[in-house]
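Shared between the two complexes below is chain A, which has chain B as its partner in the first and chain C in the second.
Here is the complex of A and B:
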């Protein structure tokens, strides 16, 4: 036939010769997973999330190796410290009693009466010796006519006579011209104001001095807090680095960074293991029901419906208590078991639906005609085709599990103290939210970032694995 | 429709029975019993107490006694709270939890529909980007953080005004309910917004929208009558499970805002192993959830005629 028609064609083209490049593929063949990976890589948000997940894993696993601080070590001298740079302290002598300066050549009681409103402000206010957190000593020049001086301390520069801050003391003579402050000193700026008095009333004038103490620590104290050994060669006045808390400390002076790392271990362990286990169980259960179908399927799925209907949090609490926490145990395992017991029906339903759908596909019938056994069909055809959906479910189940752990720990039904988890750290932090916000902000941020990363990753995976999207 | 409703209700009753049985079993798995909390009770007194409360009987018999009482609507007397019947505890505190949850669902649903529709209208423009950013925040931040922040905000507002505009904690008036229910609904609202957005965007490409446009209907009419009404359907289906999720968060919000809901009593009862209170609250709560899910499904039938035909 073609021979008779061929002459009528204009020779715009030549027919392709046989046996040449017809069967050749224009692009390399991609497997489902290669294709999905390529599309996932195009999704910036998903890739950033993947990096976040990897760095969280590193933070949890490698973090404690790099940051070798005991998360349970309490330091009651450093309670609820805000995040800060490394602090240094000076080794100081033990505190010694100090004699205030009382001038002999200046009258204790004013010889001539000077109206308190006419008194000049004290001059020459200066720290005496090195101001440290152990003590701050001040001295000033006497004011003629004064019968004493009031000393105030404030944490910001005073904005007037009514803003001098905490009244520390009033000396009882015009010749008592020094003061020693040992009142709960921290390393920060203090503003001391000196006001002369006539013995009864204070003048309306004051002199303010700003003092920034250095951190001082005695040898005994340093040994006690484990900063130096008892036989370390160190001189008075030498610098000594204090324990560094980049994320601050909590209400017992424990290092937040170390606790966040240990808490991550608990939170991520539950957050990843529980979904993994219940998804596994869900696959088995749903796959079994879906594949064999019939009465068995109806029965199994009815049971799954019952489990779904259980009030989730009530049963989490009940199961967790039922499995019990022995003394010294962290309570992670009971929570894991409870999560698995209550979490599986969702996956089971999903897998069953998938299996029912796949089971009716032509290639399953074809394989069966060729003599494939059940086990071969399940492993070779059905499981790989449900993998995408399962992976997405798994990714989305992680935030849910992390939230559940956090909720339970937050209401005090989660892991037992002293084991930290992000949720229980939030629970502790929320009590001091106003004064020390970092104790809530850090664990809450970690929870949020983790949940966010898994959610975005799940979105990306859905898009990458969804077969409907493949043609687009 | 009636047959469908009856069938669902029957299944619901069986589900409640399952919940009761599971609770009973889990509860009796916990070592100890409610009488363990009393200090220094001699063996004889303990025996008398066990007889009085029926704890000396075999567990199976206890189960049947409990089920019989439950069928008559009697959950018994609390072991730990003096002279308080479980029915009274539920009557006093359940409405609080239910009000909080339903208000939260209301906020979540209306908010989700409105924001979702807005994002779909302004697709890939500034409002869409801002709302979707907030949605991601809403999904990722646990509700207790929102609760703490919400409370902090109220404190600041009240101290700025110099009087208490909206109470920071407690329960009673509508202004008490406002902040907790909004905080509680936030996560669900974010989820519903996402769902609404994708369902709106899917529907834009449907043939009936093109037909409506071709007929020359006004954009407003197309939007409200065709697009919005169809896009709401998936949102309604997810409302049932959302109610369960919201009760989960409810415990936490009740704790932060000092709301006298059922959550606190349940946690307390579990800690003290107060059998009757545990059973009463769980069964009642479970029944409420089952009922809500059935209700949502029936409502769905009214909204979507296609379901009714099946």
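Here is the complex of A and C:
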């Protein structure tokens, strides 16, 4: 057995060749963000919300360039108009103050008061001149024994003495036999009723006349609104188009669309700036507390608890005073500061929790053993892993801030008139909710849609950025 | 036993609530009406009353020397005749004027009441209305003894008054609550509780308070001792509801629980659809923008005020911005209903009107800037109340002045008390103010802007204005007085002291079966004294 035979066998194993051959990737590798984007795209709700958010940004920033209407311009000829197509109006003479017709040969007060129940109804009630939405003038024949006349206006034909409608006025004497109505006239049928009085009590009899005014605008107003030039060809009595208000007008005839655009600036400025600032601060604060831990963490987090307990409204008012914001000045800046100073603890807590969790993971210890510095650990490992939480907090904080702004403007703590914000527009609109619902519905819809869009987007981001749900 | 008690209580409660639900707004058989008060009267001591509800209740249960009839003329009350001269007045009281306990009303009761109201320790806010009496002001300031007041009872039925200055309208003053009589022996037995409850008052008016459940209801019944009792038709006036909310008042009216309610910009539309007859009434209050005339303010500049005067259109404001019927465009500090020499004041002295002229206004503004040495006007602070309409008017004005004159306006919205404090301190450039009449004479508006009047919040000081007020104050001749007031009206316009906005009107509902209710600009409003429930079929 000493003479050994040279080994001659095929070896079962051969040393592997030196080289980097890993599994073949059939598709390009995806980064964390690419993957998140792909999964976000599959979420229809989130994508729709994203489009809404983008169009809101366009509405706010590009809108005023396209729709160049002064949001503070009052058009008192078109007060509280619902959305409608542009109206036509006749160009009218400038309004001239009018002296009522007072007869000289008729007693102002009757010498003897007759029983009002025996008084005859006025005759000869007729409009004076062309009735327009600028003015409707009426005259009638005097009634013997009358000491004045009450003028009523209704929007349907009266069915009896109790159904005459709005009491417009009472003339001061039995010889004053005309009346000029300019009270908020629109193009519709008006039923005027004239009731004689003995200067004190009204009779139980009346005469009614139906009047349909045409829409009219005076030359001065038309020039002021830029509807005609100073050297226009249009003559008195010619028709012209009034300003178009696609979203209607508010209680002072201001364009709702322009106001919504301007209001969006305030609402979205607060809604985006405030969360961005306080989330930033929350990240720093929470990250610091979570990473270093121990006594410092306990101290910092107790301070955060303290801030949570501070009442927001009180601080808002205190800031307003401390900043010397006088009456009639915008309260947006103190609102922003109050939101930032009191809003961060939520984010700080979330980030701290996340950091605490990540800090104890094995790969952090490994990296530390390999000599990684704190700054490297934070930037390379911890921050990217908290990104999901941060983004989600941010998107959820936006609707919260928009809502706070709306609420504060609603109670009159926010913007100063004439600057609108969605909240203050709701505040104004709610007063005329029953008669002119569009003044409330539009800003309220905008707030609701914005808040919903940010919430759904936040929801979508939560799912997309959750690394445990990464697609394989 | 306890159960029994509960059952009994329950039974009473059921009966009570049954009785309550049976109470309707008007009852022809019993001549009873039910109304709602906007608030409970704080107390019913006439010497201290200031609020509208107290004045309204007191005017039903008490009576002064004179009273207003339904057309607003002065007619005899406790006094059956009187003579007023420049220096003195004498009132002769009727024999049959009685207190509700059967004792006669005497001249001493008036002497006691007026002296008492002027005592500094009474702290009556309306004491100034007694200042026409000789030494009235000095007594109120504690400089003189109340006994020195220029009023004395010559006998039980004759009251003699000496004036501090001629007061031609003194007979109108005596219809006011502060001038109502108080019986000394009764007042002294009640001490501090006088007027605090139904039994803490003795009445000499058409009605007496028979029941007062605090913060719930108040019941007035006909006073059997009232001298004119035969002409009083109502047996009882129940104030069963206390609410200022127009919406719930309208619901009570619809349910037939109350006889009358005021309407506002929203509720009138419901009243229209319910087919109720809406009535209107001018409250007599004038609303105006008052400028701050203190030296350091830009609004002290006449040309700036004139510029605003030439762009502000009260007509547009009333018709488009307020947009509720009943309001009249403001043209003067003096409202249309004030009486003049023989006719209405405003008929005799037409209010001057500024032409709406933008070019002229801009010229004035330019002049103002030059005079003030400014290239641009600083923003003006507009102080307004916190009602929705006030804010709307303020925004209208802001837009108007911006679009016409390029003036910036800062709107300062404050609660009533806060606004009053700021007005007194002069912390404003322009303030939206209103002034309601205390008595039916031009002087109630005329002396408002005199340099000594504390209600002249803008501290307007013009010797020419003061002089005209003095002329009117020191004369009893209607022509002299009205001419002076006519000149005042012109000064207010020329100097653009204030900018009249509108004369307030209200719209309201009244039960059609109730007749003879009087709405007044001064005194009790509404006045049910001579009202009467008519048979249902008499109404059409």
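To be clear about the criterion, the second predicted complex is superposed on the first by the 290 of 472 C-alpha atoms of A that agree within 3 Å, B and C clash if a C-alpha of one lies under 4 Å from a C-alpha of the other, contacts with A are read in each partner's own complex, and residues count from 1 in each chain.
Convention: contacts are C-beta pairs under 8 Å (C-beta built on N, C-alpha and C of every residue); 3 or more make two chains touch, one makes a residue touch a chain.
Not measured: the values here are computed from a predicted model.
**Student:** On the A-aligned overlay, A:112 touches which partner chain: chain B = first, chain C = second, or both, or neither?
**Tutor:** neither
**Student:** Of the partners chain B and chain C, which touch A:172 in the superposed model: first, second, both, neither?
**Tutor:** Second partner only.
**Student:** Kindly classify A:434 by the partners it touches after superposition: chain B alone (first), chain C alone (second), both, or neither?
**Tutor:** A:434 sits against chain B and chain C alike.
**Student:** Could you look at A:251 and tell me whether it touches chain B, chain C, both or neither (first, second, both, neither)?
**Tutor:** second
**Student:** Can A:68 be said to touch chain B (first), chain C (second), both, or neither?
**Tutor:** Touch status of A:68: no partner.
**Student:** So, A:14: does it touch chain B (first), chain C (second), both, or neither?
**Tutor:** neither
**Student:** Let me test your reading of the model: by the given contact rule, A:322 touches which partner, first (chain B), second (chain C), both or neither?
**Tutor:** Touch partner of A:322: chain B, not chain C.
**Student:** Would you tell me the residues on chain A in contact with chain B in one complex that are also in contact with chain C in the other?
**Tutor:** 412, 434
**Student:** For the complex, which residues does chain C have touching chain A?
**Tutor:** 70-71, 266, 268-269, 272, 275-280, 315-316, 318-321, 323, 325-326, 328, 336, 344, 347, 353, 379, 381-383, 388, 391-392, 394-396, 398-400, 402-403, 409-414, 507, 512, 540
**Student:** What residues on chain B touch chain A, complex-wise?
**Tutor:** Against chain A, the touching part of chain B is residues 11, 14-15, 18-19, 22-23, 26-27, 29-31, 136-137, 139-145, 148, 152, 244-245, 247-249, 251-252, 255-256, 263, 266-267, 270-271, 278, 281-282, 285-286, 289-290, 293.
**Student:** Quick check: in the complex, which residue numbers of chain A touch chain B?
**Tutor:** 305-306, 309-315, 317-319, 321-324, 399, 403-404, 406-407, 410-413, 423, 426, 430, 433-434, 440, 444, 447-449, 451-452, 455-456
**Student:** Per the contact definition, I'd like the list of chain A residues that touch chain C in the complex.
**Tutor:** Checking each residue of chain A against chain C gives 72-74, 76, 79, 97, 153-155, 159-170, 172, 182-184, 199-200, 204, 224, 251-254, 326-329, 412, 416-418, 431-432, 434-435.
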